[in-house]
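Input: structures, listed below.
What follows is a pair of complexes built around subunit A, which joins subunit B in one and subunit C in the other.
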Partner chain A sequence: MAVLATLDPRSRAASRGWSDLTIRNAFIFPTIIFLIVFNIFPLVYSLGLSFTEFRASLNKPPEFIGLQNYRELLSDPGIWENFTITAQYVIISVGGQMIVGFGLALLLNRSFPLKGLVTTLLLLPMMLSPAVVGLFWKLLYDPSWGPINYALGIGKFEWLSHPTNALFATALTDIWMWAPFVMLLALAGLSAVPQHLYEAAEIDRAGSWFTFTRITLPLVSPLLMIALIFRTMEAFKTFDLPFVMSTASVETVAIRLYQMAFQGWDTGLSSALAYIVLIVVLAITNVYVKYLNKAKER
Partner chain B sequence: MAEIKLQDIEKYFGDNYVIRKLNLTIENKEFVVLLGPSGCGKTTTLRAIAGLEEIDSGDILIDGKPVQDLRAGDRDIAFVFQLFALYPHLTAYDNIAFPLRATRESKASVDEKVRAVARALQIEDLLSRRPSALSGGDMQRVAIGRALVRRPKAMLMDEPIGALDAKLREEMRTELKRLHLENDQTTVYVTHDQVEAMSLADRIAIMNEGVLQQVGTPSEVYDNPANLFVAQFVGSPVMNITPANLQSADGATKVAVGQDGVAFDFPSAIEPQLSGAHSDLMLGVRPEGVLLAHNKTAGHVAVEAHIIEPLGAYDIVDLKIGNAFLRARTASGFVDRPGDMVWARIDPAQTHFFNSLSGDAIHVRLDE
Partner chain C sequence: MLHRYLTGWVTAAGISLAAAMPASAQELTIFWAEWDPANYLQELVNEYTEETGVVVTVETTPWPDFQTKTFAELNARGDAYDMVVGDSQWLGAASTGGHYVDLTDFVTENGVDKTFVPATLQYYSLYDGKYWSIPAEGDANGWAYRKDWFEDPAEMAAFKEKYGYDLGVPQGFNQLIDIAEFFHRPDENRYGVALYTQTGYDAMAMGVEQTIFTWGGDLGNYETGQVDGILNSPQNVEALEAYRKLYGFTPPNWTQAFFLENNQAFTEGLVAMAMNYFAFFPALANPAINPHAEATGYFANPPGPNGHHHAALGGQGISVVEYSQNKEEAFKFLEWFIREDVQWRWAELGGYTCHAAVLSSPEFIAATPYNQAFADSMEIVKDFWAVPVFADMLFQMNDRLHPYITTGEGTAQEALDALVGDWNKTLGN
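And now, the complex of A and B:
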């Protein structure tokens, strides 16, 4: 009985005079403080900074200049160029991930020997650090002795130094890394489609393409939509892969932001750019979430 | 329209022998019910006809053509699932239209057929709803509509109303009967509910443990059960089954029920016909074959009424006969209270005899 009494958390806490409320607060407060210090404060502070002329590297206080930073950014063709590159990157990499990931999920959605092992192996890329992935693919893409050029037999093809090629090559790496994520969600969606619907479709004389487009796809679409939201958000902010692989040639918004903030030390201007990115990402996600809710209504 | 013929069908699930050499012919336009307890192989048989399950040996012929190697879609049959299997993301209209669109029928023809079926099923005002917004009965109506709309050769139904509540089940039963009469479609219907089977079927095929026990019209299986299993499975309240002993004294023939020797009069004609199974005799009589009287009557035996179950239209009275019980069906209120003595006899015309070893019925003719 004595052992049981000490194992019961309530009685032990009670013996120390802690109420449920104290225990709850003990768990919640550190989290809230962490959130405020590292998320909410910087969010608000950077919003303030985005309306000022400020350089974190100089010992001068921020000087309020209103919407000047936003005006400057939105009229800078360079920034539009960055957004265009980012959009291209998002379309290629997220599009590729959706196709490859869903394709893999369709292949895996049946039973075959060693299915568990194959699934785990396919999931490996997304468990790796992006920096490691970037460095490895940089080696694979190397023009003179990279295995990719060797395998394709295309001589000294410049994958990463030519801007268009580099965009494509970096996106390809992103596809390799994140298609498994889409696959995982799609697989969950596919296995949730009841078998008897496929039986009903077979009885109804539906061919495999008709069944796929009329039953499989609509029923999996809410989960595909969630994958799309996550991947678009991530891809839009993508920094690590282009930074490691092709800083000079693939200048996404995040790379530009980094250069502005930590190489040019233009803190006020870069805060404004960061807010523009945030608004764009929020807007895109909102559109998706609307579609997701529509899909879920069914 | 089609005739379905099953020849020597066998099916294993691993080591489990679920259909054992099944032979059955379903005539054109006939409504056949596969009846049996759960796990008897009736659903597997139905799914095998549909092509949702492969058989290990035997032939399935539809209109004389072997179809066991054809895919479900190529057999031209429709299937109604127990849990409806409606496409959850499509409206009732699109669900019914699905089989037509799958074979690329023109838009106008799809619309015409869907509306005609919806009218027949009285679900016209529900066509724009998704399945999640339909009641169980309406979901099954839509599922039946989807099956009917392309006028298949045969309809296969797997406990289509088993998931509905009792009142709705009765309504849908009537509706299914009406639909069958209107459409004249060859139908195979699976259920474990013998009332459903009796009320719907042209013929009932009773299965147990993968073996076909008896095939016949509802009255054939009710009046002449082929064996103990059929006798006890068909009919409600359940048939009385009790060990029995043939006695003859002073030229009169009696059948003793239970062990204390309460014996009922029977025509002497049965005696030579039952002599083969003398010690292994079982007597079966439905509650309506146990006749009661309030006063001492010739040919009746005094027994005690043990339990009375009032069921509204009639009562079921449990009579204590030694260590055995016989259930009798009486007019409601016929026996006042438990413990009353009544006079009982067993109607020989409604009595069945079985060999308790084989379980098979021993057919007895009462006239000489």
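And now, the complex of A and C:
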């Protein structure tokens, strides 16, 4: 009865005699069941499959082979090349997003006419579908009729043909699309910096570089670190842009994984690769989180 | 109150049961890729519906998704499709996996082995000594060319002066390379040839294997699984070098081109010749799509330097899905589909029949400007491996050969030697 007393006596739940605990469980259990069925079970099941020789397309049960799939993958130079391409993509793309995003945030962190409209327009790219962005930029990069070559006056430069060029071109598109995300978080951080710190710095005749490195950057860094974590995780798993724009020229780990799992139907081996990717992403994220905690402590 | 709850539950149970019930035997679903022949097949099966009352639906999905979606359904033992018009390379995986119904008795009892072109039965249907499908859409890799460029007196004279023989439909693959080189004029926005280079699935592999077969080479011994000494043979090295040379005469940004890009290059007047499957040539013969339709000619892949004459197989066979609830009805449909009059109708609608009598008839040959080349090609087709691990082999081929072809990385010998290593591992040699 004590629990019931916390309910609004006029509510339907109260009239049916539901306790707070019942209502809480009614919300929590479906979520837990959903998570177990769609997240935990596939995770555990695929972990099991990663230790087996198994092709979903064949009528044969999985055969336990221990760590052989992991050994095979880690000794395959092709997989290491995929990881190298992915790492290059992450460095160029996320690095570019951080610089452009933070730069835009600094520009927007002041009053000027139509600031709201400009901010909204800058946020548009990240609201678009990656497949649409990929197709759109593929046209922009076209050596025959693409406006980029025309504007830069570089003739028929082939952006997406050579693997190295394609890597840069795809990363550039990713920067265009996701720099606004970094900008948004950085802007939130910048607007939270207490104004009196800048006033104090001004009284002390601190230079703009000193103010930026000693006040702005330290106070915004936790939010920048969060942006870095999210963008690194996403960029590491990137599939859509390279798949749409350059098919196999930029063969990231995610693209190799897709080919292995859904075109080659090598289920056991692809499960092992998925776990290697998961471990790498977790390791990178852990390093970032440690830095994030340090930044917060400052 | 109880009555209301009960009514609700009974209704819900009824809806669930109705949804779970197998489709009526008066309905059949055929799964295929999204392209014109699938539309022609839908028109054809509408006539079956008129005849029998059985509603047949041709369900499609875009090409890049076709293999993934088909095998996802088959691996799940799903009964969404009664029949699949599947690629020839799938035979090993689909039959070994138990997804296709064995059609050996059907083929022999209905004389399909006597009425259809033997090469098409061999590649579209036969795996491990059994038949698993009926040749449905015959296809091969051919060539389209600009007749107006080839017949221009000034061009003809210049060509003769440079190469010492007359400009015309190439009589050999080396002539094809000469012609591509001759017309390759980037400054005039004119290029020699449009080739397959895409590595998303089997596009580049089909273009390369055709050249290899033409040089008298092979992709291995399909019976024993041996690849060493065959795949990296001197003639295969020469063939790969020829493909790389030909790639030098493609339009810019040609590293991921397939049927769409090749036809587009042709309709935009960019290239003198374009490699493509015959299934995509109706678009080139259509003036509404191709402004140069009247000036477009077609030819079968020319023979190689040693006289070997081959074309890469395209097309698909129709198979009955093991998990279909309507197998009996599917067999009745196939009995109808293999009839000569139906195969005639199939050809009239735009489908590429593999029925020997239809294929060799003068009416069929004269029906379109490309049917002669198609009929010639179907006599010389050869195909990729059809083993269960074919997809792994395709991607390994893409990984090893694409960098050499498009960027000149390494040598043809190195690329093929590396591929031998990959394939030996994949085939368990």
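Note that in this section the second predicted complex is superposed on the first by the 287 of 298 C-alpha atoms of A that agree within 3 Å, B and C clash if a C-alpha of one lies under 4 Å from a C-alpha of the other, contacts with A are read in each partner's own complex, and residues count from 1 in each chain.
Assume a contact is a pair of C-beta atoms (placed from the backbone, for glycine too) under 8 Å apart; a residue touches a chain by one contact, two chains touch by 3 or more.
Every value quoted in this text rests on a predicted model; they were computed, and no experiment measured them.
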item	value
Combined model on subunit A where subunit B meets subunit C, clash or fit	fit
Which superposed partner A:246 touches (first subunit B, second subunit C, both, neither)	second
Subunit B versus subunit C as contact partner of A:215, first or second or both or neither	first
Which of subunit B and subunit C A:199 touches, first, second, both or neither	first
Contacts of A:207 with subunit B and subunit C, given as first, second, both or neither	first
Vertex subunit A angle, Cα centres of subunit C and subunit B, expressed to the nearest 10 degrees	160
First (subunit B), second (subunit C), both or neither touched by A:20	neither
Touched partner set for A:143, first subunit B, second subunit C, both or neither	second
Dominant toucher of subunit A (residue count), subunit B or subunit C	C
Subunit B versus subunit C as contact partner of A:156, first or second or both or neither	second
Per-pair minimum CA distance [subunit C against subunit B, superposed on A] in Å	51
Interfacial residue positions of subunit A with respect to subunit C in the complex	55-59, 78, 142-144, 156, 158-163, 246-249, 251, 259, 262-266
Of all residues in subunit B, those that touch subunit A in their complex	50-52, 71-74, 77-79, 81, 83, 85-90, 98-99, 101-103, 130, 132, 146, 150
Footprint of subunit B on subunit A - complex, ascending	194, 196-197, 199-207, 210, 214-215, 218-219, 298
Complex interface listing, subunit C residues touching subunit A	67-68, 71-72, 74-75, 93-94, 96-99, 186, 189, 198-201, 251-256, 388-389, 391-392, 395, 398-399, 402-403, 406-407
